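Same chain, two partners: chain A is paired with chain B first, then with chain C.
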Partner chain A sequence: MKAPLKRSNAPIFWALFGAGGMLSALLGPMLVFITGLAVPLGLLLPADTMSYPKMLAFAQNFIGKGFIFAIIALFLWHAAHRIFHSLHDIGIHAGTGAKLLCYGSAMLGTLIAAYALLAIGF
Partner chain B sequence: MSDMQKTIEIEVLRYHPEKDKEPHRQVFEVPFTDDMSVLQGVQYIKDYLDGSLSFRWSCRMAICGSCGMMINGIPNLSCQTFLRDYYPARVRVEALAHFPIERDLVINMEGFIEKLESIQPYIIPKEERTLAQGEYLQTPEQLNAYEQFSSCINCLLCYAACPQFGLNSSFIGPAATALLHRYNVDSRDGGKAERMELINSEEGVFNCTAVGYCSEVCPKHVDPANAVNQNKTNSAADYFLRFLAPKGGAK
Partner chain C sequence: MSKRRPYVRSMDGWWRKNPFFVEYMIHEGTALFVAAYAGVLLAGLFRLSQGEAAWNAWLAALTNPWYIAFHLAALLALSYHTYTWFKIMPRTMPPVVVGGERLPGWVITAGGLAVAAAACLGLLALVWGMAR
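Showing the complex of A and B:
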């Protein structure tokens, strides 16, 4: 008989991956447009949309904090999972090391984001 | 043979474990007509050119699922693939990818048979019923829920297409998951909790990275990728909600 089945903990990573994928699909293009095109080129939006005081106020607001945290953390977990699984496709048969590196950097990014958002105050 | 007789080159991956250290290629010149399948091509080789060539087949009509091969690198049923579609180029036939080769085009499918047994591919009744209670009735919707997943012919093309199975052969894989799902969503069945343990396990659905090639190559439109993905959702829900529900097959 085969070894007894061991429950996989993949749903945790899969759920973070799925949430990040959903969020990036919904908001990613808009964020790229606002932060990468509209604001720097002065299109559509007022020139001071992303000025320091405004962004600071945004990051100090509860909802703003939550938004920034979700965007950074979930995008990172999505990317980590996708990169880890894509390594196979480019011929790198990733083991524990690559797993630690991918998910570890997402974890690190999440912690840094959380720390920075808390440090910036309310 | 008339002057009009066309011939096509068929390149076959040969392997006889008792004398070959590793598989090697052999090219045969095969006369063919437009109605000849790749299977008929290899049958010609066996009948007239080299009787030692081994391969599986039975129905010749895409029903039995035994004639799967890699044809020019793509998993396909050789009985429903036609030589005329490759002519005048050479056709390359190999044993299905990701399986150990038993001999020439014959793969060892023991691993799959074990998986098939492990999913309990039969209805596990919800409760004891007496004959007097009569047959089970199903609505068209209840039939619809599982019918597509019940058309699998175990041809294993989907396993040859699945890169994740190629990397980890303990992955339960597309067809077994589709068949497992077929019983889980059958209104007569009560074995879901037991089968979910397999879905949730390290051999289960999370090996899949949503490539989808399995469904593309499936000759029976089973759409195993769909079954796998539905069960990722089921499994994730079970993973997070198992603490709320007292029963459930969680470990």
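Showing the complex of A and C:
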């Protein structure tokens, strides 16, 4: 009897790549504009848009927590997958080590985000 | 050991020889900015969990010209990612059939870009509404 086919884990990584790619395509440019340019430079938005009390309240809210977690984790998984698959194109053999490094950093970032969001409390 | 030393063509800079692959490398390269931006947000989230002083220090660091320059580059990279994401979408998703006809690629691309524009404006309006 033949051994059953080994199930591939590729669909999981591909789904995370797709979800992160979609989320960053839809909201990425505006998020970068808001957090990286508008707020630091005082453009367009009120000066206290990202003040401590406001951001704390946002991160303590269930929806806010979920949003922050989804953005950070999915962006990381999207980038990790894309960078991993581009290694071959720039002449780096993408073996197990590279896979562990790429997906491992995404996993580490996801865990740090989860830890911080739990530490912030509800 | 074999004595044969067959000629192996060098692959150095292969993608620079064809504009199609140059574009491919640029749109794959946007992932570096996605990762770096996620790193900036992750640092901010971690600082937020450490309290008000830590958060304010992170917020102040963002006004550094290097950060501003990074975010300008990231804005370009992520906008380009949005554009290529939906440009490629007709080829990455299963065919959509409407009324017996396959939906043309440009409709999917244009639809995706319109949704992205609406999502961005919606996000800005939401943040503006919550902040005031």
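Some observations on this one:
Here, the second predicted complex is superposed on the first by the 116 of 122 C-alpha atoms of A that agree within 3 Å, B and C clash if a C-alpha of one lies under 4 Å from a C-alpha of the other, contacts with A are read in each partner's own complex, and residues count from 1 in each chain.
Criterion: a contact is a pair of C-beta atoms (placed from the backbone, for glycine too) under 8 Å apart; a residue touches a chain by one contact, two chains touch by 3 or more.
Predicted model, so just to flag it, every value in this text is computed and none were measured.
Shared-chain residue A:Asp89: touches chain B and chain C both.
Within the superposed three-chain model, A:Trp14 lies in touch with chain B and out of touch with chain C [touch as defined at top].
Within the superposed three-chain model, A:Leu100 lies out of touch with both chain B and chain C [touch as defined at top].
In the superposed pair of complexes, A:Ser24 makes contact with chain C only, with no contact to chain B. In the superposition on chain A, A:Leu5 makes contact with chain B only, while chain C stays out of contact range.
The partner of chain A that touches more of its residues, comparing chain B with chain C, is C. Look at A:Phe75: by the touch rule set out above, it reaches chain C but stays clear of chain B. In the overlay built on the shared chain, the residue A:Leu111 is in contact with neither chain B nor chain C. In the superposition on chain A, no contact is made by A:Leu43 with either chain B or chain C. Chain A uses residues 85, 89 to touch chain B in one structure and chain C in the other.
Against chain B, the residues of chain A that register as touching in their complex are 2, 5-12, 14-15, 18, 85, 88-89, 93. Only residues 114, 118, 163-164, 167, 197-198, 200-204, 206, 209, 232, 235-236, 239-240, 250-251 of chain B touch chain A when the two sit together in their complex.
Across the interface of their complex, chain C is touched by residues 20-22, 24-37, 39-41, 44-46, 48-50, 52, 54-56, 58-59, 68, 71-72, 75-76, 78-80, 82-83, 85-86, 89, 91, 109, 112-113, 115-117, 119-120 of chain A. Only residues 11-12, 15, 25, 28-29, 31-32, 34-35, 37-42, 44-46, 48-49, 52, 55-56, 59, 62-63, 67-68, 70-72, 74-75, 78-79, 81-82, 85-86, 112, 115-116, 119-121, 123-124, 127-128, 130-132 of chain C touch chain A when the two sit together in their complex.
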